[in-house]
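Below: a set of structures, written as structure tokens.
You will see subunit A twice below: alongside subunit B first, and alongside subunit C after that.
So, the complex of A and B:
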């Protein structure tokens, strides 16, 4: 018996096994590349408008006054896409081109390790150790920023790369510890269990605010959010590790930073803000996958908006101040958050809700 | 009673005080401004700052008040102001000079306005005017008497910056009451407004009656200003003779001066001074306009006298 290979079958299989296959779908569409692009455009616009409001200006306006200059970012995107890519003669060309691409892809990787629904049909990977895998994957991309800086063969790039490496060593422990304190508190690495434990409205960010704060500040540090915009400080070192990049390659670099921030925001929305918590995923693609993923995206968007709002308020720390904050304040804070998580586990804060079984 | 600034201890005590209180204060201030923004960007073509009279903007000449003393040209630190002769009858000495200005050089210091003994020069309270070429910045006597067209005021809203006790620098709409102090300078305002209709009326009346009519009128203000002028005593003798010959060049120039032709430039070149002859065609052509303009100005002043 030979099955007919019709156009319909090919198209259906293409959609079913390639586009809507969860690992690909999460990587490419929501919350991956396309959603991240839309979010980046919105967030950059919001960042400019919010900073302008606070600083008594208007921000982007004239290009379309009715929408508050919202199409300015589209215009900028088009400009970046069609700008000439100038490659200096002294760069190490292969690594120079490979590093931004690798940085973008590795920044997107953690999105394949997170669930956006409780329906197992739509998990990209088995979820038993998903939190650990996701947090581990977020630590991969910074090395490529340093590689970019080295391959650029430029002193500004080099200084930016060194600063990036300082910052990475400072923030990584904070981020990992504060994210994993939820595992200490719930005795599980399974993100689905973690989200469902918070479905009663008892968000982990409310129960363990130090962990949330530490994760928030660590995210700001890793993505050069404003008080810690140190590796690519425009007024000191031209664009830091991205100095020699132009056109679309520079867009990739900036995109990698924004994707990293987006990934951390999604992760924080799942861990600290209850993920799709008020909503109980149903069956089918729309009710079981799309709606919860949009809820998670909305929560992550709020986190990103708050992060970009800080640009309006803060100045830039020096590298020594940022490292001081990280090593002297944030790491003790993350330790304390881990301790709070352990205490919550001891007092069975989440166990009595009956959602999950605490070992012992 | 000056407001006393509130003295606050800026470095808070203890590390927690510094970190927590300082950050919270900054964030709350940011949120406050985010929710209630106090934006004072000047949206320039749509809004413009309404400046007070007394602002040193572009300079305008009131022809009737000018006695041709040349103080403005002498005080001018950048030599932007120059005195030019009005074209006279051939072979005769020029009677009087008038100032023209070159805005390529002008620094808007206002010395010329200050020094003018008869207040024949005044500032308009605006300065944002666009010219298409550097040549246009060299004004002719005709253009020097007109207030430059303020296109921004036609399209934009006038605004004003004031200091608010609570909110600091605030942008407010300028009231029209601010325009009231202007009537004190009413006689000045007439000068720029009237030339345009006078010029429009002129070509209609020009062909037939102009040679006979314009000439006596042209002599009239010169007689009025005679006491203030050192060269005046020679005028009464000139008066009867030049009436016919001088009118004809004016009429000829009127026809030829519309296209930019050096032919028109030849006519005022019969002036005694070689320096004047060496001038460029544009300037000479502008001078042709001056002749025409003196005629209009004189008729206008005449009509004003008749009215009063």
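So, the complex of A and C:
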């Protein structure tokens, strides 16, 4: 019997296999591009409002006093989108355009390697080594920042690019080590198992605070958040690697940094803050996918908000000081966190707490 | 046409070959960290080996312009050197001309000038702090300093009627007397600012992040500071107790009680603390000046020689007999429009927010000056960039630049 091809079937299949197909859905909608955009708008608004509060001013306000000036960010976004893109004659045009696009796409990639629910129907990929894959994918995009700097053919860009490369080599080991200490502790790379193990309320961030702290600072460093806003330090090297970019291309550059921060925040929410933990995902799209993904997003949003708030407290470190922090303090800290993880595995901490993360 | 030596002379421009491994970076003149000047930096890796402050981008030929203007009209002109420090910048000109005219302003005018000078000094230091903060990426200090500066700008407005370009000191006195309730506002402002300075220390000067950026950066030893002829807070932060207010007291400075803070370290952090301590002293001077002014009756704010030419209505307003927009508050005296200054040469100096500022005035008896020469504090400090910066990293450039509180329009004139 041949199934009738009706408009309903086409529409249903379109939604089922193209929009709500987890690899696509997670890349494009939540927690991918669209969620990241919404989060970026919210976080920039929050950053400006929170900093304004500390600094005795209003921040965005006049454009819509009732919403606290929230629409200001939409207006800014529109302005960026329609601004003329000026391409200096001296740049290597093909790479100049390709690099930011590649950076944005590659920044989003790790979101396709993470689970947002324990329901296997909504996993984008098999989850056995998801933590390893996700952490590995986060290391791809920084190279394109350096490519941007090189293609821009500008002294400030080049200095920014060199700084970025120094920072990347410093933070990556810290981020990877601190994230993977959870794998050591629970003897699994499976993010679903890791989240399930934390469902008792004892989050890994509480069980191994050094790992959380190291991952937090490493994220600040990679996404050039204060006090590590070094590759694009305005008063020293204009906009660093992004100096020659304008309009939407500059928006993409900034977007890539925000997406990277968002990705790390989502990963940290899963690994250290128990993911969708208090909630037990049910069946069906809404209860099994949407709700847990929103819980994870909310936790990630809190991490991002804390990171943004640091802008109001700190100035920026010098590059050698930041590298000193990374190599002399953070890497030993991450090593210690890894040791704590191994010790927890040795003493079966999670098993004692009544959680069987891994069978066998 | 490139030559083997590497030095090619083009009109108005010199091209020279850099040594191997050097990289030349132009900070400015249109750069978020430069102000209205250019700093040519040659870096080896990340370390600056040669720093060349290239000034002159806001030169406005003030000395020449002054030769074509009436004596009086030069006051608003010279203010444009540093509008945020307007009273300090114009005061030595007024004093120099007063020496030529042989008039000594009344006591009350001296205190009023002292008061505005200190208000300006606080505002100017806060401005410098704000720029310093934003150079180090510390947006909170930037906003705080600029927000709090507003208080002192408003105090100046209450006193003179203008926020920035007050044109307050005039030959033989000041432009107007202070309002009745001015003392109240001053005391409120000083109490507030003292509290705020502690908060500045918490968020900025004692912030471990900022301390690590400033401590031991841009050190200028005492001997070097003297050798380079630095001025103002920068030389005092290097351990030299030199202040015009102390060395050669002018106006009411010999009758108010204040200390000159001195730091021995000579690094960027010391220069920042130096300014905090100076703000404290200025607040105290402001209070003393306002106390004196309130205790003493309004006995003329301008020399009798000029006051006697004022129309009767002015005298009635000043006596409080005629209600006017602001009791006792009289505006400019018409005599000044045709003022002729006797021939002669004179010289005066004051301590401005950025260091000693010196005027040499020469008159040939006409209604315009023959020559006015200005040397400002910023001019004397800019040379330090060349010697304090090499050896530090490029990222230290804003940390050192900001700590000197350099103000290009003041030097370029």
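Convention: the second predicted complex is superposed on the first by the 351 of 360 C-alpha atoms of A that agree within 3 Å, B and C clash if a C-alpha of one lies under 4 Å from a C-alpha of the other, contacts with A are read in each partner's own complex, and residues count from 1 in each chain.
Definition applied: contacts are C-beta pairs under 8 Å (C-beta built on N, C-alpha and C of every residue); 3 or more make two chains touch, one makes a residue touch a chain.
On a predicted model such as this, the values are computed, not experimentally measured, just so you know.
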Fit or clash between subunit C and subunit B when superposed on subunit A: clash
Touching partner for A:129 - first (subunit B), second (subunit C), both, neither: neither
Touch count on subunit A, higher of subunit B and subunit C: C
First, second, both or neither for A:27, with subunit B first and subunit C second: neither
First, second, both or neither for A:57, with subunit B first and subunit C second: both
First, second, both or neither for A:80, with subunit B first and subunit C second: neither
Which superposed partner A:329 touches (first subunit B, second subunit C, both, neither): first
Which of subunit B and subunit C A:321 touches, first, second, both or neither: second
Touched partner set for A:229, first subunit B, second subunit C, both or neither: second
Subunit B versus subunit C as contact partner of A:313, first or second or both or neither: both
Against subunit C, colliding segment of subunit B, chosen among 2-10, 92-100 or 110-118: 110-118
Contact residues common to both interfaces of subunit A (with subunit B and with subunit C): 54-57, 312-314
List of subunit A residues in touch with subunit B within their complex: 50, 52-58, 61, 309, 312-314, 329
Residues on subunit C engaged by subunit A in the complex (per definition of touch): 23-26, 31-33, 46, 133-144, 147, 203-204, 207, 209-210, 212-213, 393-398
Residue ranges of subunit A in contact with subunit C within the complex: 51, 54-57, 155-156, 159, 226-227, 229-230, 233-238, 311-321
Contact footprint of subunit A on subunit B as seen in their complex: 19, 26-27, 29-30, 33-34, 37-41, 43
